[in-house]
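The letters A, B and C name the chains in turn, as written, and every chain counts its residues from 1.
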Amino acid sequence: MFIRNCWYVAAWDTEIPAEGLFHRTLLNEPVLLYRDTQGRVVALENRCCHRSAPLHIGRQEGDCVRCLYHGLKFNPSGACVEIPGQEQIPPKTCIKSYPVVERNRLVWIWMGDPARANPDDIVDYFWHDSPEWRMKPGYIHYQANYKLIVDNLLDFTHLAWVHPTTLGTDSAASLKPVIERDTTGTGKLTITRWYLNDDMSNLHKGVAKFEGKADRWQIYQWSPPALLRMDTGSAPTGTGAPEGRRVPEAVQFRHTSIQTPETETTSHYWFCQARNFDLDDEALTEKIYQGVVVAFEEDRTMIEAHEKILSQVPDRPMVPIAADAGLNQGRWLLDRLLKAENGGTAP
Amino acid sequence: MFIRNCWYVAAWDTEIPAEGLFHRTLLNEPVLLYRDTQGRVVALENRCCHRSAPLHIGRQEGDCVRCLYHGLKFNPSGACVEIPGQEQIPPKTCIKSYPVVERNRLVWIWMGDPARANPDDIVDYFWHDSPEWRMKPGYIHYQANYKLIVDNLLDFTHLAWVHPTTLGTDSAASLKPVIERDTTGTGKLTITRWYLNDDMSNLHKGVAKFEGKADRWQIYQWSPPALLRMDTGSAPTGTGAPEGRRVPEAVQFRHTSIQTPETETTSHYWFCQARNFDLDDEALTEKIYQGVVVAFEEDRTMIEAHEKILSQVPDRPMVPIAADAGLNQGRWLLDRLLKAENGGTAP
Amino acid sequence: MFIRNCWYVAAWDTEIPAEGLFHRTLLNEPVLLYRDTQGRVVALENRCCHRSAPLHIGRQEGDCVRCLYHGLKFNPSGACVEIPGQEQIPPKTCIKSYPVVERNRLVWIWMGDPARANPDDIVDYFWHDSPEWRMKPGYIHYQANYKLIVDNLLDFTHLAWVHPTTLGTDSAASLKPVIERDTTGTGKLTITRWYLNDDMSNLHKGVAKFEGKADRWQIYQWSPPALLRMDTGSAPTGTGAPEGRRVPEAVQFRHTSIQTPETETTSHYWFCQARNFDLDDEALTEKIYQGVVVAFEEDRTMIEAHEKILSQVPDRPMVPIAADAGLNQGRWLLDRLLKAENGGTAP
């Protein structure tokens, strides 16, 4: 069972072509995505209401899509506008249409009650399309429930163990983060990790313009269903970073990690690592992207193996540890929303 | 659950070798097929009654088959005739044997109550072995329930959408067929479609000996469980085809499409397209066969995708349209038989 | 459901490296196997008690293993000895540890109540490491429940049918074995088959130092859960083998066939065929090994097909025959143990 009344990511903008049909399963539902003649993204149920043929092997006709089984034609709001061989179109001949917003190069979709879809609630990822930042968009498919990925992202002690040669440092294992919880709306966590006078991770070392010790930070916000935004970087030690001063030599990144459930045991994962320096250095864009890809494969190996063990030994208890503070808060926020949607009782 | 008291096709005659064992799952049951020393087809349960080893990795011995696990030997009626290391063969040491009839190059099998098996009930497909007709037998395996294939065959509006460049014409989408229902015995539908002064399909154009407009027909009979026979062709417009006159230039075909369930989600499909002209032109036989194969792959793509969507979103209602008349009648005949076999209540 | 209070084989000694982590599913449980700094095998649950990550993608640290998700460290008895970022280790922070004994080149594991694990109960396979015998260890993975393999091993009539050109002879089909049952402890069967003045199997012919008729024997002991040890050989006819005299020309083998359930439908299978002649002839070792591999593939083809038919047609009765005596006794001993472990009622 999934939380429905929230904005999920359906795709990077570039995944949906200017013309033609794209499809993807989201929250166990088959979804059709395409652009109308104005370039606006349309999201429809990928299932014809006639006899359930999938529409993605149909045909786009202007703003509409035609089912290529028996020819029913649907407009962007899901209403059937043509039934071949039949004058009358009965009312209610329609398929589900989902509210969609394209913003910050992401296609956001609302799978719940359409009346509650408010685009103002969409989390801001300005660094995807700001002229001051540069990134290359990434996507990974996961053989694991999205909550296992959320757990991973909310506990950065794993950096020390899973990513010793890429994202992690020894200090990651023991540093105590500051965790703030905000229960306004769907809720939000802010997790702040400062490593003062510490070594940089290999990923930062590879691009930094200074050497030696650094004051490093990972300041991230996480909100349900599975949206992470992070401000991370390294500045030469003692140049005032903890007090809010970011000197020009500082390495600064904005990071995105977003998941949407595909099924109960598979997930979509969109990510990027934006920087605010050397914007036109395409080789650097690629280098940073590949660095993240390598590190994220380290996570995927662990998390998919984790999903397998959980399905093999499903009913064993877990032993909580101090480092769980972040992920416990995240799970708590997710459960709260699910309960609220289901009359107070989460499954 | 499947209808059992009816003749199903088990194979083309050529699928079962002169010597040796052939096996196939039909209606979820493992079936062994082979020819006795007279060349007659034998159909037995493909499961030894000793400890359930499959017989197809056994050995044919004359008219009999021997299980190559511990050596039990069975005759064509399924009776055990030898137990190695044991004098006495207990009564009831036997496996199921199915009534089988070889006719019109098809091997017909009866999976229900053997007492009710009457070979006179087998539908006639004379064009498979008549000297006046020529065809090449075809077989396709489907990842879909057989009823989805039946639906497809009973609604020829799909020709316009699924097969625009092969079997279909624009007119196929809107033409209203004449549908006659006969409820004698297991029931029968006769569906007649006349396209007067119309374009030929590409498949007919490719072999016709005249050009220009045609009077075209598709006259087909369908009977449960999944037996389609069709008389189809094109004659030069105004030469009297609708009144029953078929001039020598007319292109005439007899078409066969037959399905047997393998499991609830997979099916066997036998087909052919016979003609009554240029009988000895083997290249033409192959050309017509390949034309049908291409068109049938178009169906398979759609129907297998259809099966997937139905399994992903199983409980959504369907919206009936006018073009459903044929398939509704077909489903009604199938449900009627299933109910009759199960004491009035179909599942 | 599996019998738990008995010694199972987990691996050949060589399967577990001197350093590093090996893992395998046994009785549906994920098991981690490695050697401590003294070379002793450690067997732990392959599932971290923190959040269930698998330990085999962790890291060995001396005698311990560290989970590379969040860094918990466990000692060979399964106790957690370190939680990064946390001083206190709560009692009961531990994972299951299994009693393990390395003997006769096999790694034996006890998956039941540890208090009942007595190494004296381990069946003796002295020919694996005796200087007077030589063998090459073999392993096969099976897509079948282990009891189907036991059935196969306890009914040697199958030699005549499944292995006519390798292990079998015509006489195997009808020879009546002497079967003795011992219900002490977990129970034991002793099955004795003498073929007097008979042909050798092809496998024996290929290595024998004499020609012509032989007195042949297969004397095997089988004990639950799935442990077969066999004394087999051929001596020139009339040289006294049945009376216990083994002349130097006699071909003598000791055979091992051991299974451990992986899941309900898959199994591990360890085997070897040791000889007491020409010990240093490595080509002969390989030749005998390959001969067994070929024969065992014949079994696997049959048994995996058997498993498939049983899953397709699960509820059909079996018809017992005289040759079942051995396998019936084996099944009876298995059921008896399972019932005893489950308060008198086996499932």
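Rule of thumb we're sticking to: a residue touches a chain if its C-beta (ideal position, glycine included) is under 8 Å from a C-beta of that chain, and two chains touch if they have at least 3 such contacts.
If you want to know which protein each chain is, UniProt gives these names: A, B, C = Toluene-4-sulfonate monooxygenase system iron-sulfur subunit TsaM1.
In this text, all values refer to a predicted model and were calculated from it rather than measured experimentally.
The touch graph of the protein chains shown is complete. Where the sister copies chain A and chain C meet, the same residue numbers recur on both sides for under half of the interface positions. Rotation angle for the C-alpha superposition of chain B on chain C: 120 degrees, rounded in steps of 5.
The mean-CA centres of chain A and chain C are about 48 angstrom from one another, to the nearest whole unit.
Under the contact definition stated at the top, not a single residue of chain A touches 2 or more other chains. Touching chain B in their complex are the following residues of chain C: 151, 155, 157-158, 160-162, 173-176, 301-302, 305-306, 308-310, 312-313, 316, 318-319, 321-323.
Residues 25, 28-30, 46-47, 49-54, 57, 66-72, 83-86, 90, 92-93 of chain A touch chain B in their complex.
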